[in-house]
Amino acid sequence: MSSRSPNKLARIGLAGAALLALGACDREERDTSRQPKPETISLASSDPRAKEYENSSFHISQGQRYYSWMNCSGCHALAGGGGMGPPLSDDEWRYGGRMEDIVQTILKGRPNGMPAFEGRITEQQAWQLAAFVRSLSAQPRQDVLPGRSDDISNAEPQTLEERRPQQSESNTTLPSAEKD
Amino acid sequence: MRRRLLPLLPLLLVGSACSVDGIQSVGGRDGQGGAAIADLFGIFLVATLLFAAVVAAFLGAAALRRRGRRADGIEDPEGSGTERPLKTGLIVWIAAVAIGLFGLTLASHLTDRSMARALPDPASALRIEIVANQWWWDVRYHFRDPSRDVRTANELHLPAGVPAHVTLKSNDVIHSFWVPNLAGKQDLIPGRITDLMLIPRKTGVYRGQCAEFCGMQHAHMALDVTVEPREAFERWRAHNAAPAVPPTNALTRAGYDYFTTRECSTCHAIAGTPASGQVAPDLTHFASRRSIAAGTLPMSRGHIYAWIADPQGPKPGNAMPYIGLEADELHAVAAYLESLK
Amino acid sequence: MSVPVKFSGDLAELPTHAYGHRSLTWWGVVAFFMIEGAGFAFAIASYFFLMGNEQGWPPSRFEPPSLLAGTLFTIVILLSEIPNTLVKRAAEKKDLRAVHRYMLILLAICLVLGALRAWEFLLLNVWWTDNAYGSIIWALLFLHATHFVTDFGDSVVLAALMFTRHAAESRRYVDVAENAMYWRFVWLTWLPLYVLIYWVPRWAA
Amino acid sequence: MRHALVIRSKVALLAFLLLACPGSQAVGQGNGARAPAAASPPDDGQWTMAAKDYASTRFSALGEINRANVSRLKLAFSFDTQNRRGHEAAPLVVGSMMYIITPYPNHVWALDLARGGRLVWVFRPRPKPASQGVACCDVVNRGGTYSNGNIYFATLDGDVFAIRASNGHQVWRTSVADINKGETVTMAPLVAEGKVLVGNSGGEFGVRGWLTALDAASGKLAWRAYSTGPDADVLIGPQFKPFYAMDRGKDLGVKSWPPEAWKTGGGTTWGWISYDPATRTLFQGTGNAGPWNPHQRPGDNKWTSGVFARDIATGQARWFYQSSPHDHFDHDDINESILLDMPVGGRMRQVLVRPGRNGYMYVIDRGTGQVLSADPYGFINSAKGVDLKTGRLIPVEEKVPQEGRVTRNICPAAPGAKDWNPSAFSPRTGLLYVPHLNLCMDMGVIEANYIAGTPYLGAEVKMYAGPGGHRGVLTAWDPVRRKAAWEIREDLPLWSGALATAGDLVFYGTMDGRFKAVDGRTGKLLWQEQLESGIIGQPITYRGPDGRQYVAILSGVGGWAGAIVSGQLDPGDPTSALGFVNAMRDLPGKTKAGGRLYVFALPQ
Amino acid sequence: MTVLSGKDLPRDGEMLQGVALHARLEATWRREPGFWGWLTTVDHKDVARRYIVTALIFLALGGVLALAMRLQLAKPENALMGPDRYNQIFTMHGTTMMFLFAVPVMEAMSVFLVPLMIGTRAISFPRLNAFSYWVYLSGGLLLWVAFVLNVGPDVGWFAYPPLAGPEYGTGKRADVWAQMVTFTEVAALCISVEIVATILKQRAPGMTLARMPVFVWVSLVVSLMVIFSMPAVTLASGFLLSDRLVGTHFFNPFEHGDALLWQHLFWFFGHPEVYIIFLPGAGFVSEIVATFSRRPVFAYPAVVLAVVAIGLLAFGLWVHHMFATGLPRLGYSFFTAASMAVAIPSGIQIFCWIATMWSGRPRFEVPMLWVVGFIVTFVLGGITGVMLASVPLDLQLHDTYFVVAHFHYVLIGGAVFPLLGAFAYWFPKFTGRMMGDGLGRLSFWITFVGFHLTFAPMHWTGVMGMPRRVYTYPVGMGWDQLNLLSTAGAFVLATGVLLFLVNAAVSIARGRVSGPNPWDAAGLEWATSSPPPPYNFAHIPVVSSASPLWDNRHHLPVMTGLRVDDRELLLTTVMEAKPDLREPSPEPTIWPLVAAAATGGTFVASIFTPWAVVIGAVPVAAALTFWFWPKVAPTPEPVAE
């Protein structure tokens, strides 16, 4: 009887898709929990939290709000093009481009003008900000990124180029301003 | 209106335990707009129930008329003699429905017109700007002299009998401003400026709530409204225009120090202190409000503690982060906030 | 059949195909016209809605789309109606050689049109990411481009079919005639879009 | 001291009448406008302050290089400043020495002109590196001032230094600004009557603007006048007699703001100060109100975006005129005030001429603050004019930036019709040479959050070329006839100062590194030289120890307009550098970062 | 198959009838055997049945979500679920019920019934029909798999930007919603095209427009409404997707897009959508009332005109969903008047149905119970609808539980009750068996009582100020008992619906065998066996009145001469239904399924990268080419001009 089989098919499809797409879950989780999971910042080569924040569209979108609220955009511009502060959308990281480096930069500040936000924002917020900052240079999975923000258009005008591909993230360069 | 409607209530299958007399009720007559709408509601209810009664009677009669007469043959409509009177009935019915609807449309239109006409000139009204955020209300009173402006959050104080012209904006998604006792709702749409005239008639405390789905915490986006006599409002205004009371003892001093130098002041402002954050509710006279976090918790010492200790518990997803205060810090900050009368 | 019947007529002598509204496919195609036409109508309504919202059309510092490619496209697509009419007539006369000849001409014109359309996108002088004006201009052109590409694909398949043994079936000529009708729809819908994309920004400025 | 000055100025007046006037009459092009002699003493061939003189004329009476021979101008020597940020400063020439103050880290180089520009000493003040993070528009410095044997200058982090000109030894050092609040100092201090006048930058950080006078000898604070707040802080007292009713009233610096907002209200003094020794009055412009989002600060926002006349001894305000009440567009009013005595309506008036950021050329009575005329010198669509009765700018409602919605095509853009880069006035032609901008913008505002030491803007901006497609203009403005005599359109924004000489030449530079000399009467290009980096500095001229005339300029692109190069910003984000990058995306292809002094002279 | 020359092709007629004819037709029209046949079938009855079963599964799933919501709202400050889960659930409930249940099930009823009612052998574009089912199934699977994976949309079934836009609609949830809309729109549009063509060209000889059953009229009107309204939401969801994925600015106010553009486009579809769901209900009622009152429906022209009028008026009402947005006040009264005007044709229909009962001899079988339940409920829903059309009242009641009550009265009362009645009524035609009577009556009464217990209190909660779409509410607002009552009612209602489904399941297996016309009804669908054979009718019936079986009680006139060795249809003229052409109907094929899979894959992948559209175009085009490419040699039949 034709009426029963689609049901079966649906169930098979459901199970198959569920197996294939399990990865979707962490991307979508609205993790409003209290604090970042491990208690301290480790400077080990790969902090387990990095991936967790980077692959979460929720954390990135929270970071996007803070980027505006904490006035990051005032210095680094909406799409990370820079201004008073260095650009974040390129492949050059003065103080390291890994998630944990960026969190350090945000929390502790850097000598050439980056203020320290430790005590002004929580560690969780710093991680979320870092995840968004990395997304400015198209670092995390593309499928967790929004197409645009509800702001003035900050896409490169009159060109179809995609954002520049990124170099390896360990490529840390020294501050360019210290020339004297 | 309440009394006029009472006999009709059973028709709506709802027990007499319910009443329209609430602090957030469509039937409220506490504002000029709300009252006009409540009257119109009464007209509609009576008229439409009348029609419903006609239909019910007709249906009942039709169902019972030939009940039990089993017949396998096919009825010949032309032969039965009912066709002609029914056709006349249909015409009468159409006319009745059309006239009824015309009447209701007219009533609705006139109410709308008269409400619009009754609106005073915005220039003479109290000027209030409300900006909606996910998920709280930023409330600003503007005066000709900007230094008298008052900023508060999640509460609205109105002098009775004085029209208030409310300008509505949104910082993020679409919200809807709705204090049913005072007036109908009005959406706040990003990129647009909408407005609404509130003309409260009776003093009292009311509640408003966001009425357009706005994300995770749409349920916790309420607004406490106090309509009070003019003098009381003036007192409130003067008090709220003043900077916050300075800390008086060691504990509140410690709370003040934490608040103004740490995470709190990144987002919140307290007038008269260095805390000048603009992206979260202004807390200058926080403790004088009726509730915490846009109606999430009633104002009390315990709830202040609970809220600061874990804002994501009662209102998950809201923008206030878990900070992880030590017990003494929590104690101090809560005591300081509680002192902000 | 469980109901007793009485024979009251014979259908055996009825024809098996006909052109125009007598054919079933014609109605299907017309229904799709209505769907697509409604889609274009809503897109055009959106265009005017956004135009009313914007300050300047195009907004300041943007030039209206350059006329060259779009105008060439318009001229060529209007000219393509000549072979299109000839295809339709040939199909109605079941003249296979004429059908072959004009369909090939039409496909060649389509290739030219495709190139012009690609060029058009580059001459819009705005990207869809720039503002709502850019978005709707691109959307209109993109909508019509998909429309055009779909019909081009249809025509290729049909032309190929007409070179096989299936061309012997008379109903194929009905298909050819209906495809010609669809092509008319393609260029007819283009005309208002051409005005909206290329001329309204000039008049509004 | 005071007596000496008065006597000197009187002598100067005589000398000027004897020497300069016949010359200018001979040219026959004048219009009767001239700088007051007291503020513009006869030229001694030196260049001791950025604006040349207290009247801010940037005019040199040296005429050796003139229209006939300028085409033979050749490089005399050059000097690498070892700095690659934006060089906005004017070199100073005192005797046979030249002093250059670089952008952060604000080194002072002393060069011996007698020996072909050999380095004599260098002074390294070591400002705090963190100050770079609160400098809105590149880490520039606009120069120093020589007075009484000392060079006075300020570092980015807000320390004012007095160093011995002869050996570079520090005389005193006074910290005036707090970078933790976002305050920096980029201006060239003015020294007059034994006071060092310096103001803060940081209008983009919600700082509270001020002008500070330090004792030139000791560095002790003499007075500080804030631009917002109670009258006592603003130094408004009984002397204060504003011309217009809108500026009268008690504590307007508080009352024209929402509660508390004046504390973060901007009004910084980071531009040019002029001084009239005859009346002992200084003229000081105040910067934009903060934040940029005007909806966060309803009211007139006194005393931002206006000009104060102050008593130099006490700092007490004499009058104030606000060119952009309730500023909508970041239109600071810190541009130079050129002191002129000129015929207005048939009689000689003592005036200030100010090419305003909002695009109007203001002629203001020096004594009263009355606006005598305000004429557009660039394309303006954001205002309908200035009401001379009330003194108010008449805004165009549909160009007011909206919250959450871009307002398109606002002209002039945020940097104004003209930014900080100063004009020059030649009494010989009577013309004011105004290097300025032709930029428009799309601007939308959002609610700005105040976090001390971080930007306080609330604006999203994209700039682009104005009508005509060019981005820079050099306008020769006739202040008497109230119209442009001629103008030169430049592709790139003009971000350099101008210099006028008695050779009837006007010098200026472009951001792609062309240093140009044009005919001061016709605007005809007579000479140009391609330099290594774009020019945003202030050209000067002096008589060298060998008696010849030299012209000097610092090249080194940067500043707000050139940050895309000096800060290596991403041209892919049109909102970079507060939206300026959108208009400058071609600059990296036209010039590169640099930092070099060039000195030119006629071949011997 | 033997190739015969044109003259002596086998045809039905005097020479070929009875069992021999059935065997020939069966061989020509039946689907291929086994699972392959199940995948390749193009029989409209097969497709409709699986549509209906799938839609009922979605009804059950949506119902479970409703119960979950009611449990959460049973008491204030309930901690059963958090806002994130709740928002996904209410969005899924609305989306599932509107897009995956209500519209598809109504269309499926048309797909099943219309060819039978108008006496033709197949639907007009049967492969498109098969394709539409697979596309619909893909859309439903996409939505529900996403939900299971915590990617369920959480932005409401209306998905207003900016909440559903790129900045606030975090992740892929809103993309899933928007793409699911595309799927269901494609499916619905395909069906509408088929229905329109079928009704206009394949009616039995003699079935003029004025003799079409009311339900066929309804199907025609509804299909045209789909054709004119659905492109609006397809375009809107395309705009939304491109805003989210490639950075366009349609809804970004900063760059002069506008959130209200979405609302206009969405409600231009969304309001007709309500009538697309309700009108088939009216069609069912008209058929049922006539059959059980033993007379043709009273004032047939008035009923048909009312259907057409509702179809037209439906397009003039969309702004009444937007009264609170602050649009210019002047235009509002027009929309008030238009919204109220809908009550006139609705009132005409109600009157005609009751009048039919009045002048007939009503028999209250189970389908009739549902009709009575429908009339009572729908009138109450209509009353609140009139209230909501008034601008001032709407400004208070909009987005409160009053509106929730209103549209459940209209949609459940106005569409689901008649649908359940229709299931009971046509159950023999679907299955060949009667639906159990006792259980049927029980399930009606439980459903009816449960329904009113659930939704009547919501009028009151709404008037007392409870907004919609809240995951919890505070204590002390006076909403507690009413909500508890609604929750209790919801379980009663669910029990009723469950009983109905159990009854159906039991009856499929054990119901009384029905015979072709168990209700002694008048329509052509009752002229063939239950369930009908793959070819529907052995001979093409001829119609001379609106009640053919009542007016030809002894012999149904038929026409003969269609080929039996090929799938041949009779086309008639549009207005008069005169025999005009014989056209072949397509064979079963796998390609619609392949094309649907390719389309579905393309749509789903396009959520992740826009290039999927380009890449996916290749397999889609290939599948479509194979679909349309003729498989058999040309028919040898000579061309008869």
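General observations
Chains here go by letter, A, B, C, D and E, matching the order in which they are written, and residues are numbered from 1 within each.
FYI, a residue touches a chain if its C-beta (ideal position, glycine included) is under 8 Å from a C-beta of that chain, and two chains touch if they have at least 3 such contacts.
The model shown is predicted, which means the values in this text are computed figures rather than measured ones.
Touching chain A and chain D together: B, C, E. Of the two chain pairs shown, A-C and A-B, the one joined by more C-beta contacts is A-B. Chain centre most remote from that of chain D: E (centre = mean of CA atoms). Work out the mean CA point of chain A and of chain E, and you get 44 Å between them. Measuring from the averaged C-alpha position of chain B to that of chain E gives a distance of 37 Å.
Centre-to-centre separation of chain C and chain D, using mean CA positions: 62 Å. One inter-chain figure worth recording: chain B and chain C are separated by 51 Å, centre to centre, where each centre is the mean of the chain's CA atoms. The multi-chain contact residues of chain D, meaning those touching 2 or more other chains, are 404-406, 408, 442, 444, 446, 448-449, 451, 460. Among all residues of chain C, those that touch two or more other chains are 54-55, 59, 129-131.
Multi-chain contact residues, meaning those touching two or more other chains, occur in chain E at positions 84, 162, 168, 242-243, 246-249, 252-256, 258.
Chain pairs that touch one another are A-B, A-C, A-D, A-E, B-D, B-E, C-D, C-E, D-E.
Interface residues of chain E, counted against chain D in their complex, comprise 253-256. Considering their complex, residues 254-260, 263-264, 296-299, 402-405, 446-452 of chain D touch chain B. In the complex of the two chains, the chain A residues touching chain D come out as 68-71, 73-75, 77-87, 89-90, 92, 109, 111-115, 120, 150-157, 159, 161, 163-164, 176-180.
On chain A, the positions that touch chain C within their shared complex are 148, 153, 155, 157-160. Chain A makes touch with chain B in their complex at residues 30, 32-35, 65, 69-70, 119-122, 124-125, 150.
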